[in-house]
């Protein structure tokens, strides 16, 4: 087997995650899908680092995780606040940013 | 001039700019102080302009004098390059001369707005500050010899003008305040968008110019002189298509500003809705930048394309002349009438510029100056009239001549200047333009001559409807011109008479510059069929003597 | 792991292949489950599953450190965070998968599939025949290698991520922290207000009756056996997560009576029906005292 | 000496400036100042005249070059004067008649509160007219040319409160402008042909260029002359110009300004001599106009308009003569001078009559005035005899010579022109006699109230409308008015005779306008005889129509020709329909086009852009997920693009 398959897998997962973002209305699930996409990227990075034989890919993946963590923390905090104010976690209800 | 280190040109532009800031900074309570301050600064500018005119040496070598040059945006070869030729000197002088009169004439224009003035919103200060700002920008765009520098101020001019038109519009004859405000703002927006569109197209052309120079000279440049010299030396050869495109880009912007038919429709609105002094500012000062730029940039940067476009431009100019005059005849609003008359006159100017003869171009330059003065005279008197009666409609007047003879007299003189009566300045320029056109394109010249009849028609109809006939009840109590207004009008009329009888100072100033332009475009005046050798009588010898000195 | 990855090669070990195909399938299934489950909890769990599998893949790819971090940070920390939020927002809050935006779903499907195809096509024509594994990179140990890079080449990025994390933490607190606009009321004030209003003088009743059941989402019963909403906390009430147990408690009561009566009959015939009635009365006034 | 020339123009110019800018404080002395300055320039003219006579015929021309006016490349215009015999003649006529009319106006305008301004305008006119005749190049001439146009505009419209006057003034200026167009085109042609437009070189080199160009120049000059001298087809303004005060009509619209056309053609003789077609056009115009004017003059009841018609016709004579070339120039100028005398006299007489009849102009309201204003009667009568060419008086000599020259022009053209001039002479005799009879003879029609007529409401004094009517009290005018009339009468009697003493005038002009005797196919005697016969016939018919039987108070309907003639042979109607109406329609249409098409295009663009952006705004749904969808779509496009780039 060729490690390139990891990349195919990553692409697949990324796509699934993207589709999820587009389909789901629940903010939390939405976030999970984003995480899924990030993870797909990480997998790709790791696979690349193996293909190229250096660790930079892993470093990037590592940073991605950190950033993801930060993003999740803030994001979830936002969700909680939204839920507090309007008692819903549906992103469609927060649609005031339009003309 | 090397011996003259003081940056005279910059100073001439900086003084009004400083004046604008200073005027704007005057506290709300000291309205009159602001007015005097603005007047003071405009007079200072006038003095500087006169110094330029004195220090300028028509006989000197080289196209530009009093030059200043500093690196500005090195990466894009943009330089802060100033320099004047005779044409620029004449127009700077005109601008600096008109602004004090504009300020004086608009002395009370902002008073109407003072009722809703606050500590922050100070109409009077704003009005005069904006006028000075316009002056500064106009002056520097006359001086700029760097295309990019010119472009910046050519565009920036629109901002203060926008506020002058939209914010300080003419309240006369506006029965419904909100409706009037709507008309004003729409006129202002139209002015802004129209000119902005032209400017953007020009910007594209400016960048294109940079690309071409960068491509051919290695280092891109905006410097007019550099490009002209490179062309002369053969280092810079634009492709025909490219040159034509660039020319069109520049010309469009200038044609909008000028304005040339069919891009003129913003002018009547803008002039009709703004107060008379602002209207003068538009047509006598700001629009001149357009025609001036045709002469300086279009022709010198793109000689070949200019020659290529000449027929079309001439026809458009001709249409402007007749079209503007005919529409002026049909106008019901005094200020719109003057606006259309101006369109007709700008047609003459452009005709002269593109006739590519020394008479045509000198005539066009003189025309810019004379039209500035004559329109200022006519428009300002019309403004005094309108403020007295509170209406812009011609039909609301009649028999003013009996009530206010001086006003009527000055109005008539302004009108006669507009129809370019011999003995008044505009005649000289108009006839030069006509001769210059005729000597190369006889048919166009003859058709353009019809314009002088139409001019007589709209001026005299206007005068007859407003000034003569039985006195209308509304104007019975109309006061004659006051001292301030006389101070505004009298010098203008004196100037019209003087330049009509003795335009030599101007022609001496302008001729060398025009010859240089023509040499750049590589055009000679057509020779007469019969070369009459020296005129008999002392006349000829005298002329030779004068030519010598 | 298998020694094959220690040197540049064109293929991996069969073991890894098998592992890839099995776990990869599971991972995809988990991903699909994530986006298709109605309940957020289920999504979270299946996502966690996928992540663990990814961790395994990291390990398989010689990213030992990352593999561990993946397990610890993602599945350990982040997913738990998710679960907590889910609890806050409501475990059972299931959103209908019915689409509200017009055409969104089809467009989404189209865009997603198109994008996936494009990506895969792109990978497809990036033909990687042989790959040089992480042999020498990981020679000194994967963690050491990473550390060397992080603290030399990527040190600034590393520091900045530190700053980022701090900021995120602070930000989360700021966002979730509820600013108290007025002073918290003391017990005394509260009781005084209750008396003044007079609607509910006594404290609110506690949930669960007779300690028969101690879950917070079961309301207490009124004397007639009907459940009292007051006894459940407002959050649950809002979410409509109040379990109605009135019927079952009544059934239990009936069963109790049944048993006691039987006991009485076995104990002696002296006990009569009114005795039984007395018992019931006792129960009732016990209830009343509560 | 030369320096005096500038003074000649300068004196009245200063007068104009002072009077117009002076303000009220000059009201008392203004008219004296104006008159004084006019007389001053007359005196200077006399001095120069004497000096000129002192020199030989050939070197009489004086040049004065003040300064270079418009020097641009090959285009060199100078402020320079040239005083030769031709100019001298005009200078004396202008300043002389001008001074007289200044004096006359002192009395005539006595009761007008704007008298100061009137004299200012008169001075302005003098200055412009002198500039016109003294200029040494066509461009400077053009300045004077338009200057007199302006002065005449101001003076015709002097009573601006009357809308009719304002309109007449505007009309005069506009029609003149058409002519000026011709002059300016002519100047341009000269510049492109000769590279200059100074008299000397242009006329000197006239022969050297193609005839076609010269013809073009000539026709353009003719157009100019038509405008200024009220020749067909640009004659329509002269009749209305009579709205101006009578002295103005006398000075500008009879004696001087309207003759500028003749001056122009005579001055440009060299060009016309080299362009026969242009000459033909000139004589044609002259012939047509002399008949046209005469016919119009016959039908007018307004005394001034009748005289205006006659002016038109007399100038027709001059133009015709000038068109004949060297055989005619001198006589054209001679007739011009004599006409200046008697026509000015006639107008002043008319003015004096109006003065006595409180500004009544309708001759049907005159009659039998000779008893009431004898001086006016005598002077007017002498002018009358002069104009109809009564043997021995000025008109006789000048007009007779023109008729001879007409015959002498040779061929059928000669016969046609001769016939036209003779006929014209006859009609002149008729309508002038008519004027004379209706004004000074017959019953005193003004004693009884007029029958109001729909035809000319303008001439009804306000009194009639209210019914009660007190007849005017005709009286002789004050000395300030009669003296000029007397002087002019002397001129109209003797000028012609003096000039003709062994052709003094002709020889005086010869150096400027080359002269050669025309050889008429018929003897001069025969011409003279026939002239006299025609004259008698004309007078006779007039007497039969207006002397024998009383003049009806209301104009009879008359034949179609009469009615047409009353309406200036329908010229105005033509102008109105074609030019005025057409022009109005055109401008209205243009206004609509400007709003709808030109501006509409602009606004349309604006609107369409607005609509487009309004649609694009819909994309902004506010739903995060649709944004995400767009992002993904964008990303997909990007990936696709990159793959394409790498040549998938």
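Labels for the chains are A, B, C and D, by order of writing; each one numbers its residues from 1.
As a convention for this text, a residue touches a chain if its C-beta (ideal position, glycine included) is under 8 Å from a C-beta of that chain, and two chains touch if they have at least 3 such contacts.
The chain lineup, named per UniProt: A = NADH-quinone oxidoreductase subunit K.
In this text, all values refer to a predicted model and were calculated from it rather than measured experimentally.
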| item | value |
| --- | --- |
| Touching chain C and also chain D, the following chains | A |
| Which of B-D and A-D has more C-beta pairs touching across its chains | B-D |
| Euclidean distance of C-alpha centroids - chain B vs chain D, Å | 37 |
| Length of the line joining the C-alpha centres of chain A and chain D, rounded to whole Å | 96 |
| Between chain B and chain A, distance of the C-alpha-averaged centres to the nearest whole Å | 63 |
| Euclidean distance of C-alpha centroids - chain B vs chain C, Å | 76 |
| Where chain D touches two or more other chains at once, by residue number | 621, 623, 625, 629, 632 |
| Chain C, residues touching no fewer than two other chains | 101, 104, 107-108, 111-112, 115, 119 |
| Residues within chain A bordering two or more other chains | 18, 22, 25, 92 |
| Pairwise chain contacts, counting only pairs that touch as defined | A-C, A-D, B-D, C-D |
| Residues of chain B defined as touching chain D within the complex | 190, 193-194, 261-262, 264-265, 323, 326-327, 329-330, 357-359, 362-363, 399, 401-402, 409, 416, 421-423, 427-428, 431-432, 434-435, 438-439, 442, 445-446, 449-450, 452-453, 456-457, 460-461, 464, 467-471, 501-504, 507-508, 511, 515, 525-532, 535-539, 542-543, 546-547 |
| Parts of chain D lying in touch with chain B, wherever the complex brings them together | 20, 63, 65, 67-76, 78-80, 82, 136, 139, 142-143, 145-147, 150, 153, 157, 160-161, 163, 165-167, 170, 173-174, 177-178, 180-181, 184-185, 187-189, 191-196, 198, 200-202, 204-205, 208-210, 213, 583-584, 586-588, 590-591, 594, 598-599, 601-602, 606 |
| Complex interface listing, chain D residues touching chain A | 617, 620-625, 628-629, 632 |
| In the complex with chain C, residue positions of chain A that touch it | 1-9, 11-20, 22-26, 28-29, 31-33, 35-36, 39, 42-43, 46-47, 49-56, 58-59, 61-63, 65-74, 76-81, 83-84, 87, 89-90, 92 |
| Of chain C, residues touching chain A in the complex | 5, 8, 10-12, 14, 16-17, 20, 24, 27-28, 31-32, 34-35, 40, 43-44, 47, 50-51, 54, 57-58, 61-63, 65-66, 69-70, 73-74, 77-78, 81-82, 85-86, 88-89, 93, 95, 97, 99-101, 104-105, 107-109, 111-113, 115-116, 119-120, 123, 126, 128, 131-138, 142, 145-146, 149-150, 153-154, 157, 161, 164-165, 167-169, 171-173, 175-176, 178, 238 |
